[in-house]
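These notes open a run of structures that come right after.
Across the two complexes that follow, subunit A remains constant while its partner is subunit B and subsequently subunit C.
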Partner chain A sequence: MTETMIHLSGVSRSFGSVKALDQIHLEVRRGEVMGFLGPNGAGKTTTMRILAGLLAPTEGSVAVAGVDVLDHPVEARARIGFLPENPPIYGEMTVYEYLGYLATLRRVPGVGLKQAVERAMERCGLTSVRDRLLRNLSKGFKQRAGIAQAIVHSPDVVILDEPTVGLDPIQIREIRALIRELGGEHSVLLSTHILPEVRMTCQRVAVIHQGRIVADDTLDALESRAHGSTMYYLRWRQPPVIETLRQIPGVGSVTPKEEGWLIRAESPDDPLPELVRLSAAEGWDLRELTQAGGSLEEIFLQLTTREERPDENEESKA
Partner chain B sequence: MTPLLVIADKEIRDALRNRWVISATLLMAGLAFSLTFLGSAPTGDLGASRLAVTVVSLSSLTIFLVPLIALMLAHDALVGEMERGTLLLLLAYPVTRSQVVLGKFMGQIVVMAIATVVGYGAAGLAVGLQGEGADPQSWHAFGALIASAVLLGAVFIALAHLVSAVARERGGAAGVAIGLWLLFVVLYDMGLLGILVATKGQIHEKIFPWLLLGNPTDIFRLYNLTAFENTRTFSGLAGLSGQMEFSPTWLLSALFAWVVVPLGAAMVVFKRREL
Partner chain C sequence: MKAIFTIALRELRGMFHSPLAWSLLAVLFAICAYMFNAGVLTYQIQMVEYQSYGMRGGLPLTERTIAPMLGNAAVLLLLLMPLLSMRLIAEEKRQGTWPALACSPLSPMTIILGKYTGLLLFLAIAIGLLAIPPLTLYSFANPDTGQFLAGLLGLFLTAAAFGAVGLAASSATENPNVAAVISFGVLLMLWILSWMGNASGGVVDKMLAYFSLLNHYQNFLSGIISSADLSYFLLLSAAGLLFARQRLMAERIQG
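Coming up: the complex of A and B.
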């Protein structure tokens, strides 16, 4: 269970002057389902494309099942099953033709090809629509076909980029069950920004924010870590300027959220008493005060809404 | 099956499925039959074989038709898949980008070859079955016409692949493809005529033939109208062929170079392209 199937080391990627990824380190072990969380634009899709051999990193190394993606791209891709964000389908093909074509391209041997296609269809619940044209299928079935093509050759690694976006609740539940089932046999990297999805399907989670990995741990470990720092959401009728809030002892970061402010408390000082006192004394007129706990959503918010500081990267590694 | 053949096979199946093959074949056959039976009526008076006349007529038809079919068939080979998102999937598979371009190119050549061989072949066969004008040399010229028409198709498929590798969207690729057709089929020769008129025919005799090599349709025309004696005679180029700088082999090589260069450029551009 400890064999590393996905290994990214010091991976950076720039698009012109924009640094999309900055020194990414990531490992996924055999049989593990790892959630890859991040807000839109955080660098998830860029990371996925680098892993799938579609983009070259500006620096760093990438290996899949021990094969270097940059030095041996074709061999590495043979070990990967990839589902891009939008289900890539050939609408004029039937499900069976589509999987047969892609399995042949995957060099599934002729004798095992039929069985491989049948098995992939069975696992993804596509048998009943095997002879239907893909363009006539619902989005859920198209997504299943996309997943089926990613597993038809029994790859070591399956990379799924936002597999449940745009599906209805029933379809989402079915796809999540399928992803859970894929773990064990395959190592799965699941990119998503839907937090319940991670909780339901993943053993481990990496959080990416502004091109950096800001957390990489099991869900339990992340949640227990989160209890060491508290988030408050405050909303005033006459809010102070942000600098005033930053100068209050114990305030770690201040981030605007909706109509209020998300304030991260820094141990050991709790800024709440002072915040409440100042609200009354300065006439800010406090309308709402909520304390965030240690749920995955709150951890995610803590990790992805904190302000940029020179030493932040060091903190996240610690 | 290698990835190259798998991709080529899919291109052929797609063309069969969306009726490209049948449409192109019927179009070529229909026009070839018309030219064969309407355009070669005066052969009795001229003393040329009917098949030789057909070759000359089909040479002119081919210059208009084959580039158009080839460009329409292949202009969205890469950019179309990019727009549909399937290229992203394909390139995540254990295939190289060169294999994708070559596989598609091969499949489209087969489609073009089927349409040309069946379309033109049926017309040729009809002439042959009539029992007149079917001397071996005419058959040879007819066979060469079909082969060189497929090669001309390959040239324009290669050019279309280059367009497709560069284009950002299908609409743009279609526009450039039409522009290429106009350039090579209409404008280039008009330009050459313009040069001749402007220089009062004084353009250096060594330069002019080389200018013809700058247009694959001119190479095709020169090859088919000068490579065989009976077509030379009927097309009125018997005198010119004696002064020609280039042998038929040379002309075919030039046409072949017109396939290799744009296809190579398409592979280089596509390899460097970021998706």
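Coming up: the complex of A and C.
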């Protein structure tokens, strides 16, 4: 189970004078779902396009399932399924024709073709729309067809570039369940900037920022690293002055957020009991107390720019 | 090999799923049939005049009816082929379907040959249609079958070369309209090169005359199939395909 399916080593890529990727190292093992995180423009898509063989790296080596992408591009591509940001859909084909077409091009033998297409449709929940033209399908179904084409030839490696963007919550839940399921058979590299998605689907996470990998670890390890710098969100009716809060042991930083305060706890002391005690004793009248953000979000923000904070990441965790 | 035909058949089907291919065939057929009719009627009048002078024998039928129609068909295709070929690669890139092909285990040349074969299949249908009006001649006259077939072959090769140039243009841009303009410009230039080529007879003029599409096509219309003309069209087509291949390879490096 430790076989390396994706291997990027010292990969750099420049576009003119802009260095999009700088010495990337990345490994994904068989059966693993790896979350690939980073702010927009950090190099996620470039990395994925290099893996898929759409783009050649300026330097470094790339191997998929042990096949060098640069030396044997065609062989390597036979082992990859790729869903780009926009699903590559031929509007004038039906779902069945579309998957059959791409399965043929991807060397699914004639006898197993029907079965492969049926299976991909079933896994992606497309069976009910199999004879509909792709152009007439909803965005969610198009996205699923995009995923289906990435897995129809049972590739060793599946690369998904932001697969849940633009879907409604029910569709997102279904797609995430599918991605989790894919992990068993395929190795999956999943790019996203939606952190809860990573928590739900991935075992391991790599964070990319300004073309460099700034973290690469299991989710548990990352979260335990984040432990001790938990964030609390507190709202009082009679809030104290900010200096009072800062003097409480264990309080790292205090920042106003909406009507309350975002307080970062610093190890080793957890300031929460003291905060609650003082709230009662001093009559600040505590109205709300939540642990703000996941610790993964915290790690992500530490690793990347602080001013970038997309709305999706603001989900609070009680 | 199988992949080439898989792509070609999808391409052909894609063409017939859009109104473009149908309207193109309709226009091509209507205009050529009209020209052919006009040609036959003119020929009849000329024959009557010719014989009224007491001349013996007749005017060459194929030369005066079929060949002009096929010649005009090539001019029409010069206008229409860029519209057909412009979508081959550029449209896939614009629609975002290109990664599905480019990430499949296919070499760039396989993709290009697949697309090109699809275009050739369409051409075969179009030229098959254009053979119908001349065939009606056989019911009441004796056209020169050899010259007729040579003309059809010439038309096919000419249009195939148009398509290869169009494919090259389509690989060079993500905008199909730009691809159409480029390929139309290149083809028209190649077509009219001989205008200068016949001026003085110097080396440059001879070269221009050699590169002119029109000169080579004329030979086919006169019923002459020479290896020089054959190789001209094959080389031009190959050049277009190789250019497209280079573009696709360079794209991975340039991004």
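Just so it is clear, the second predicted complex is superposed on the first by the 237 of 318 C-alpha atoms of A that agree within 3 Å, B and C clash if a C-alpha of one lies under 4 Å from a C-alpha of the other, contacts with A are read in each partner's own complex, and residues count from 1 in each chain.
Here is the rule we go by: a residue touches a chain if its C-beta (ideal position, glycine included) is under 8 Å from a C-beta of that chain, and two chains touch if they have at least 3 such contacts.
Predicted model only: the values in this text are computed from it and were never measured.
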Fit or clash - subunit C, subunit B, common subunit A: clash
Contacts of A:Ser128 with subunit B and subunit C, given as first, second, both or neither: neither
First, second, both or neither for A:Thr218, with subunit B first and subunit C second: neither
Which superposed partner A:Pro88 touches (first subunit B, second subunit C, both, neither): both
Touched partner set for A:Arg106, first subunit B, second subunit C, both or neither: both
Contacts of A:Ser9 with subunit B and subunit C, given as first, second, both or neither: neither
Contact residues common to both interfaces of subunit A (with subunit B and with subunit C): 52-55, 73-75, 77-78, 80, 82, 84, 86, 88-90, 92, 101-102, 104-107, 149
Subunit B-facing residues of subunit A, complex: 49, 52-55, 73-75, 77-78, 80, 82, 84, 86, 88-90, 92, 101-102, 104-107, 149
Residue ranges of subunit B in contact with subunit A within the complex: 1, 3, 6-7, 10, 14, 17-18, 84-86, 88-96, 274-275
Residues of subunit C touching subunit A in the complex: 2-3, 6-7, 10, 13-14, 17-18, 95-107, 252-253, 255
In the complex with subunit C, residue positions of subunit A that touch it: 13, 15, 52-56, 73-75, 77-78, 80-82, 84, 86-93, 101-102, 104-107, 149
